[in-house]
């Protein structure tokens, strides 16, 4: 018997499709769609974020990302704008009509993020922060659960089970690379997780090729690979000027390269009968 | 330049020795001492815990452990007694005179644990829960920081840096095994971390051979190895009836085997000119 | 400076394309082609192998595989037909007109394999068997060099360098999964190796999704992912009756599923402007 | 059922002790002894090697090591003196009376090494070179089988089984570090392998802290840890002038540090009731 229950295919044979209502219409994540989430690693300031948000919308992004609370390995690195940046995401959402996603690190930020953000992301470092997962299980709000750096697929699905057990069924899994001995890349994307997760569970899965590789030149091929393997979409980092990014510049696409990636992605997705996730398209 | 600063040998050349005041006298963790922390994985009920606590004291334990909040991979596993068990640890501390340690998972438990517990443990799953680390940095209370399952030594010391940066200098590092491809053992104890940490930092380091191996038969040899390599002590799981433990029975020593381990441990420690922490009592 | 030289892009900017002359015409491996290598893990007997070979040709295989010398973890497992099976591969080559590939484990088999086989494969266990690599460097014969289970990309390219240094430029790299902590799959396919190898070296790279995953259900999606990521082809295990295979049955496709995979693969390959290697026949 | 048979405790309950006859008397490897193997990574020239050999004997080495055939990751690194250096080891053996060990990489060197060397070492890269293992199984000569960089304990014991199956029962296992994500050390020594191997098999096991750590400062503590954990000895690299070594200088002890290590090692060994392995002591 598999240790996870509510997450299992046996419990729910049909694919879960997440519906996100945003000003410009509904966006879907799940089987049949190829959802593209894009934005900078961290929100740095209002004008740059708004400017980029508009460009990303034109180029086919379905959901906008932007980190406010950044879990940084060193306490001396830029930690994000925090609560003061929430309003920037709200404005970007209003102006573009697209839903927004940001990471939650601390239960004490739950109120402000719940009220303003469309999807709450649990980062890989917090995948087994069970107190946080239990709180998120009480919400009626989509959760994106990133795989921990050394989490087995079973542990990952059991983390999802913590949220499901609380009553929240809206979970998007995100493969973002695991830790191995290889040092050329930041992490090793476990592409096999995609078909395996599709087989074991009814939850949608997307891939984050930016964190998984750490190199922008690898983002496009790995995004294509993810969709070809059956992923329901990708989340990528885009920055207007990657060389000047406050974090993760090396793995960020320029808007131009993002557009190239998206057009290629859709072709691979169509072989698997998937369509762009924004109802507007 | 090393990315950690307050944790580095360059910042503080002399070894940090942690002093823990308890009813029966002070207990030390750090260079020159071989401190033995023992107890069950989880506190299960009052009479069993108190009974075991007295036996462990007789057998040479310096500090009592007992989990109240258990971070379990599955939401369907026993999750610990929670806040209602704090009083059991308080009574054990009072009766034996030994200090107690337990894990903190949630910032909302900080008040009750701060008021009653001698050492607060951060588990491997929360090693990069920076919100928690920052709160612990504000306390005047010893913290035991377990290494994450796939944390590099650098990331581990940077997690310690989050606590040190807040002003709390009382950190005990605990190597508890890392995740590798080997499946015979639960984890792979990184014995090299012991001399390396001693070289890189002034903080004390102990080893947890119970979680690192997952097999009680390996606990004694790995505990000996840890001390021979220069560790400042060990933390081991002991249960009166391992076969009936609610968690981690397979890796728990019986009290009899714990006594055998301790007597051998002291011999290895003496070669490195270390003395049991209780010797000062 | 990169430690590999003859393998590097700096040494040779244009892509190396391997040409294999076979009775039915030339087959190519390299940029612009999507070469499909297929066959059973081990050659088991003459009629089954010949029968399968014909079916694979009809279904679009470009090269036939079949192990004669099987490096098995246990000395008690089936070790392959050895030298007595060479003639079966020769007959299959003659009848189908397709080139054949088999693994070489022992320098003493070099003469017979050189005389009869089109591509000599170095298995992952022998990737750093430098005596063997040096002998292969003296030949005018294509070599397929599988990545070692825990070999970094740098070590892999340095192993290729041993062959190149001897004068043999005809090397096909094969990613076949690396060893990680994940246990659901046999190995973890490092899909990032594909774009990275393309960037670092001029040598062609293919992916073996059968060994990488250990599960036949994952072979099709991972083969698609490999080609979408830019791989020059795939090598897959096919068996007429996987449940009765003497080795690796669980990861073997039936001929029917092989045909499905191939048709999908071609669609992904065409997005990257690649054509099947057989198109030139 | 365990997949290994001749190597198992079930097959042979009593510990195998290897006896090596050398000019100065017998040397033992196995339960009850603490055998110290020492020497430079590679034999570089005659006078230096002979000079060092005499010093090592005085300082308590039981067996002399010295690589002639060096499996180097890059084909451009120093590859060892090869066959021409055999005579240097022969002379050192004659002058000191100690047995010698060197690595065999190629079956074609078997004759000359069999005739002159006391223990043939199989390196980690060749642990699954089954052709080589089968040939060694036919000899009446002790074999040291190093664990592969990513070999599970089961795969390692199955490699030993290849040798045992051929009839050669004289196998010494050597743990030399496994490959993990940690980058501060060259490899991660799996100290748990020591008690586990002792439990699973009757074969002796030693530890190589030099390759396992890659840092000479870690060699002494890890050697002590190995013996405390129950290892039957250690193999360490010693060089008269580590800064000028042609290979592995960073992990080589000076003779002075070797002497310090040995004296401490014996104390830890005596707690486990082990004695030096040279009959002369």
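In this document, chain identifiers A, B, C and D correspond to the written order of the chains, with residue numbering beginning at 1 in each.
Just so we're on the same page, a residue touches a chain if its C-beta (ideal position, glycine included) is under 8 Å from a C-beta of that chain, and two chains touch if they have at least 3 such contacts.
Note that the structure is a prediction, hence the values are computed from the model and not measured.
In terms of the stated touch criterion, the partners common to chain B and chain C are A, D, listed by label.
Chain centre most remote from that of chain B: C (centre = mean of CA atoms). The interface with the greater number of C-beta contacts, when A-D is set against A-B, is A-B. Centre-to-centre, using mean CA coordinates, chain A is 35 Å away from chain B.
Mean C-alpha positions place chain A and chain D at a centre distance of 49 Å. Contacts with at least two other chains are made by residues 150, 179-181, 183 of chain C. Against chain B, in their complex, chain A makes its touches with residues 3-5, 71-76, 105-108, 125-126, 128-131, 149-150, 155, 158, 161-162, 165, 179. Put simply, chain A touches chain D in their complex at residues 150, 179-181, 183.
Taken together, the chain A residues at the contact with chain C in this complex read 150, 152-154, 178, 180-185, 188-192, 194-196, 199, 212-213, 217-218, 221-222, 224-230, 264, 267-268, 271.
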